[in-house]
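Note that the chains take the letters A, B, C, D and E in the order they are written out, and that residue 1 is the start of every chain.
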Amino acid sequence: MNKEFKQELESIFRDITVNITDDVTPVIAAAKPQILAILRFLKDKGYGHLAMISCVDWLKEAQFELVYLVSAYLKGDNEEPGQEKITILLKTRIDRDNAELPTAIPVFENAEPYEREIHELFGIHFTGHPRLLPLFLEREYKIPPFRKDFDSREYVKEVFDKIPFVEDKE
Amino acid sequence: MLIQSILIIAFGGAFLTYILGKASSALRDFLAVLISVSLTVLIFLAYGKTGEIAFASFMNLPLVLRINHLSWFFAIAIQTVTTLSVIFSLSYMKGKERVDFYYLMMLLCNSAMLGIVLSGDFVSFYIFWEIMSWSAFLLISYNRGGALYAGMKYIVMSIIGSMCMLIGIMSLYSTYGTLNIREIHDLISTASGEYLLFISILFLAAFGVKSALWPIHVWLPPAHSEAPSPFSAVLSSILIKMGIYGFVLILYVISGAALYLGLGGGSFRYILTLLAAITIIIPTFNALMQDDAKRLLAWSSIAQIGYIILGISIGTSLGLIGGLFHFFNHVAFKALLFLAVGAIEYRTGTRDLNSLGGLIKKMPVTFIAVLAGTFGLIGIPLTNGFVSKWLIYKTLILNNHPFLAFAALVGTWGTILYSYKLIHNIFLGQLPENLEHTKPAPASMKLPFIILSVVIVLFGILPGIPLKLINLITASLGFDLLNINIWGIASESGPLNIINIFAAFAVALIVVWFFFLISGKKVVISQDNSYAAGIDVPKGKYHYTVDFYNPMFRMIKPYFRDYMDEFYSQLVKALASLSDRVRRLYCGDLGVYVIYIVLFLSILVISKIGLNLW
Amino acid sequence: MRELELYFGPQHMGMVGNFSITLKVEGDRILQAISNPGYLHRGFEKLMEYRTWIQNFPIVCRMNVVEPDSMEMIYAMGVEKLAGLEVPERAHYLRSVYLELARVGSHLFGLWAYSNMLGFDTVAQWAMYHRDLVLDLFEELTGGRVYHIYIWPGGVRRDFPKGFKDKIVSALHSIGGCVPDYNNTFFENRLFYDRAKGIGKISQKEAMELGAAGQVLRATGMKYDIRKIQPYAAYDKVDWEVPIREEGDAYSRILVIRDEMIESVHMIFKLLDVMPEGPVYHRIPNPFKWTIPRGDAYVRIESSRGELGLYLVSDGGDKPYRAHFRTPSYPHGLIILERLLKGASVADVGNIMISLYVVAPEIDR
Amino acid sequence: MDRNQIKKWLESPGKMGHKYSLWAVYFCTGCGIIEIPPVITSRWDAERFGVLPAPSPRQANLFLITGYVSVKTLKAIIKTYEQMPEPKYTVGFGSCPINGGMYWDSYNTIKHLDKYIPIDGWIAGCMPRPEAIFIAVTHLWTLIDKGMAKGYVKYRENYGRYRENQEKALGKLEWPRLFPIKDENE
Amino acid sequence: MVTVMKILEIIVSPLVALIVGIFFLGLFRKMMARIQWRYGPPLIQPVIDLVRLFNQRGFSHGAVFDLGIILSLAGALVLVLFIPIGGMCPLANSGGLLVILYVMLFAPIGIALSGGEGANPNISIGISRKLILTLSYEVPFIFIILSLMSYYQTISIVEIVKAQAHYHWSLFSPLFLSGVAYFMILPAMLGIRPFDMASAPQEISSGIDVEYGGKYLAFSQIEHALSLFIVIALFVNLFLGGGNLPVFLLKMLAVFVCGVFIHASFPRFRIEQATKYLWFWPTIISFISLIVIQLIR
């Protein structure tokens, strides 16, 4: 990740910060509407491998932070050597209530299960996603379980510990 | 007198039913059944009678009726199936339109078929043949729509066949001056081999079309599947067997075995057996690929016709017995299967094998009927189909036709596959939700099932009863009497003894059953409590019906397309375009016509002068 | 036309791991396949937020039972990166040897599963026997057969015991000595070729589009291996090759697995030869009060099934604020499997699934 | 086979048959399944004792629940257990089905498996060694011999309460009740 | 005296078949275990399994579910009566090989009916595969049977065995190619690998056996043991010259051991591959054999 790339990014997209802390994981922070455009730009630049989409619940700031981790595959004629070492962290913050985001499937097809998972575990709605069905969970949880205000230990005490043992009648 | 009264009742009853139907439908139904039953009784009474009566004349030709063992054998089969079909129709046709017409045609067709087997000369034979063809056409196209197309296909091929037969009959008349079958038989031994071959091929074409021999079978599958189910039963089990009757008539009654075997230096027989073998193999595999129950059975009918012709055409006593017995058995089980499919269609409204399933709990009697029918069709031991197929195989093996025997045996294994598909997709597996409230078949439908099932099993265990009669027929055709007992055949190399199999099987079944009863308890559970890899069974979506033999399909589909059908379609297209071109010659312009005439005359003149043709 | 839904798993002989695929079938062709994970979902990443940095080590390795070692490794790397810990030279080598042993064991497990799937018990049993030789080494080294917790932030828990090197060599020799047997009976078996050739074929372009990594990608001809691209531990200290194949079908995937296994064995020998002496870990502060400065980190390694990543966030406390694993089976099992099963035969479901090397607990976490 | 064995065979062939022919349902419920392949293959060879994996629950009489049970798996476990013919034996493998083990505070795993289906024996440990399975099998033999492995009877008798517990954890179950519930206020 | 002997034969021959079949099942497992570097179960393990299964409470899906399995076992028992077992052949005069061909239908059809009632697509797929496999191996099998029948000019299996006793084994006669073809289709007829797709546990959860538990599975196992016996006995009778009881059983054992080795060293075919295989080499070889026989005679 070199300076030119940083400048190019900053010139095309306004209001983003590119933060190069080490050689391999530059961080781009951008606002919600720009995400898809930046992802497409990165894909065109050769970062065609969406490693994953992650989500962090910042309870104190009442925000979700979505992190798109994008890296590059090997290419036969690699324009920028060493590109495949880089994993770009594209971060965006959205409000905790009314959490909504456009889906990244048009850019990266493999975003589908990640977004399904985040929808299920954090309750973030991805507009345009073809099947936001439950992925992992069988029970219904009032608060999506990966949010910070969901207390797993409390939940276990309330639900599972209250189910009685079946003892033999004497 | 008996023969005339049979035909008079048959024809008169048909029209009377139609007229009565205008007044009251209940009376019409009653009359139809009454006529059929009384005809059955009358024919039954005629057992063992032989005779010949001239009852009228047509253009100075005496029209002769006659009865003998062969005629009786076919007549009883015809009348039984028609009677059962009429009984079946009582509920099947209820509430449909043009029912009077349906009964008229049904009984007319029946009368014509009786007429065919009872006629003693070729004029009356031809007249009855045409009545049968046309009434069958009207019944096939009864449902209109696709049925009309099927009917057209049928009647066009039938007419071509009849024309061939007409030419043959005229030729016979011009040669021998008589059309009485018995007289022709006496005279024909003087005929030259070529003439005999010519006559045989003409008749072969006519009867081959009717009995759906391989290259000229294409009318059968659509016709059988589109006709009303009771008539499909008649169509499949007896109407196409009129072709078989024709074969027996022309090969054995007229020519006689000795002449037939020498026909064309023996090659005629080989070609016929070869065609029969192909008729077994190709339709069997085609039947595997069908999704429509009746179409599956239709292809199966063609295949079974192959067995019958194979047995008949091999030209030995054992083969003829096998062929005739298989004809009789096919009458029983194919009528049963078509009627049963009709009952299912009547109750569920569909005969699509892909959308049925699990009906065993709703229609148990129908299931047993289909089970008996398919067991007969496959030829499971202790059903009648086993005995006749065994006879045919044995003939083929003893006469050193291993490749024909191969065709017959492979056909049997193919039969298992499509029969099981029929049973499985309709009766076994999970019941779909929309069929939860299916009612069992009505009593008037069950009666034919029960009678025919009994026939299948009874003649499977006691094959001697029909075999003795068939033995008499073959004896009357000039073959040696075989040593037949009630349990089977006691012949030189490898006898058949059903009692052994029956006893062994009965004992084994009882032992196993007893063992089953005393060993361990069982819990009866519902169909939805089935293994689904730890997940609850999805309702209505857990039955493997579609493309049951999919891997097989993919392999054989390119080879077992109905090439003949395509060939005929192409032929028809080519003929149509040719006629179109011919039509264009007549453009309607007088000047052009004048030019035609001038051209024609000039050609005549030139040919006269230049070539000196005549 | 009746629809048929067939269930492949969770309780199914062909299912390795607790996973389910719902198949919509016509004849024996699959019209649509729907992966149905979640049978093993324990909410690991949530549980980690309740435990201190060190307490998480026992829990992390249980995320993937087939190869727990790469899970330890990546968590240790994440923690080291966040806390800025250094790892001594020898520990790098020990880690590499340990991870490669785990890779051999995991690939033998895959071979077991795959040959079992084709109904080839004999090879399956041999493979399982050989895997046990590797597990015996682990047992001696760490005390556990399956879960080892050997890798530790700042190094490894202990040095190799005396004579352990020879034991590794002899175990690997006995595995490597049987490779010709495996070749004769299985890899060069005509029936294996017939069953696997052309099955589950995926092009390189499609694989890249769907986020594939590991064998799935390498079987389409790309030398994409994190060990080469972004070397960690001691993988840049020795010479080794990334085995690839071009066809992208089940056959080539399985052969890539075999070649990788052989390559790993060679690599272990080389690593053992050049291994330096020295300390094996750096002391960490009091683990009960250990806090890690605020920040986030993404680390990735090549597990035996492909690219394994960890996104770790710390809010400066004694517990992780958020951890999220990028597991290789995730795209393979949830997207690529669904794609490849479309149009396949019912007989090949397990074949395709195991050739993709899908391990259910990794997906569910 | 000593004389004692033969006498036992003659006295109660059913029990002896069950002892020496334990077919386990092949169900990878949790991570404990990783030790099953070694157990059934060359190294430990459980077939010596007649222990064999069975592809379908209908054929099996032993249900080895290998490891933690998530809520979704519990449903499959109950379905599978109810599809097994009686008599049937269940063994919980690993710490997690006993009390939740490592996942005691997970929101998606059930903690005590014996609240939902009866368990005849437990194998503790994480991960238990393959030998532990054999110990469990021999222990199960003793239980069968003494007529103490009666989990299926318990299930039948207390089906009402089991079903209630299951529905508490899973919500309404789709399938109908296996047994008629005798007495609701027991 | 003759009748008594006959009745004795009728009782003894199914028992022999049953014992040998179950012994083969046990031997099968033991040998497989040894090939796989295992100790293996005791030889009587199938008996223990049967005892266990009879003591379990099986699930039934309805009348046909019961009837089918009874039908198939009865069919297998009847079939045993048609096959000469070392000189015993209770039903020698009842139709010969042709009847055997047909009685062989009972077992698969019974299983198919019973399985269909089980209302499980896994069973249906298994049956579909089994029937396709049957059709596939029947093509060479019929060629083989026809060559035998035309070579010996009889449809009676007893006569064929006798002819071999006077002369030499069919395998070392002009029927050599037929024997080779028969050996090639033997695994398919036995349903062992590579042709065990009808009950493939990893693909369709043991296919036709999915819904069988308790005594149903026990019946299915007994039927399997009997069919194992029948197929090998047929091969021994037709090509290896039969012989008296000990010789006969020894020959069967030899054929069986070959089968186990084939089972141990191949994975499973897909069904269409099996059909392709069976319709290629075995069919060609048996076809050539039939032509050779026709030319010789």
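Just so it is clear, a residue touches a chain if its C-beta (ideal position, glycine included) is under 8 Å from a C-beta of that chain, and two chains touch if they have at least 3 such contacts.
Here the structure is a predicted model, which means the values were calculated and not measured.
Asker: Chains touching subunit A and subunit D alike, please list them.
Answerer: Common neighbours, subunit A/subunit D: C.
Asker: Which chain is most remote from subunit C in terms of Cα centres?
Answerer: Chain B.
Asker: Which chain lies at the heart of the structure, taking centres as C-alpha averages?
Answerer: Here the chain at the core of the arrangement is E.
Asker: Taking each chain's centre as the mean of its Cα atoms, which chain lies farthest from subunit A?
Answerer: B
Asker: Counting contact pairs per chain pair, which pair wins?
Answerer: Looking at every pair of chains, the most contacts join B-E.
Asker: Just give me the whole-number Å value for how far the CA centre of subunit B lies from that of subunit C.
Answerer: About 65 Å, centre to centre.
Asker: Centroid of subunit B to centroid of subunit E, CA atoms only: how many Å?
Answerer: 36
Asker: Using mean CA coordinates as chain centres, what's the subunit A-subunit B distance in Å?
Answerer: About 70 Å separates the centre of subunit A from that of subunit B.
Asker: Just give me the whole-number Å value for how far the CA centre of subunit C lies from that of subunit D.
Answerer: So the centre of subunit C lies 30 Å away from the centre of subunit D.
Asker: If a residue has to touch 2 or more other chains to count, which residues of subunit B qualify?
Answerer: In subunit B, the residues touching two or more other chains are 523, 528-529, 531-535, 542-544, 548, 550-551.
Asker: Going by the contact rule already set, what residues in subunit E reach two or more other chains?
Answerer: If we look for residues of subunit E contacting two or more partner chains, we find 36-38, 54-59, 121-122, 125, 128, 201, 205-206, 210-211, 214, 270-271.
Asker: Quick check: what residues of subunit A touch more than one other chain, meaning two or more?
Answerer: 136-138, 145, 150, 152-153 - these are the residues of subunit A that touch more than one other chain.
Asker: Give the pairs of chains that touch; include all such pairs.
Answerer: So the chains that touch one another pair up as A-C, A-D, B-C, B-D, B-E, C-D, C-E, D-E.
Asker: Spell out the residues on subunit D that touch subunit C in their complex, using ranges where they run on.
Answerer: 25-31, 33-35, 37-38, 41-43, 53, 55, 57, 68, 70, 72-73, 76, 80, 102-103, 105-109, 126-127, 129
Asker: Which residues, counting only subunit C, touch subunit B once they are in their complex?
Answerer: Those residues of subunit C that touch subunit B are 1-5, 7-12, 15, 20, 25-29, 345.
Asker: Once bound in the complex, which stretches of subunit C touch subunit A?
Answerer: Counting only subunit C, the residues touching subunit A are 37-38, 41, 43, 45-47, 49-50, 208-211, 213, 217, 222-224, 229-230, 296-298, 300, 307, 309, 311, 313, 321-322, 324, 326, 330-331, 334-335, 364.
Asker: Applying the document's contact rule, which stretches of subunit A touch subunit C when the two form their complex?
Answerer: 24-25, 48-52, 54-57, 67, 69, 71, 73-74, 84-85, 87, 89, 108-110, 112-114, 134-138, 145-146, 148, 150, 152-153
Asker: Considering the complex alone, what residue numbers of subunit D touch subunit B?
Answerer: 27, 56-58, 75-77, 79-80, 83, 85, 174-176
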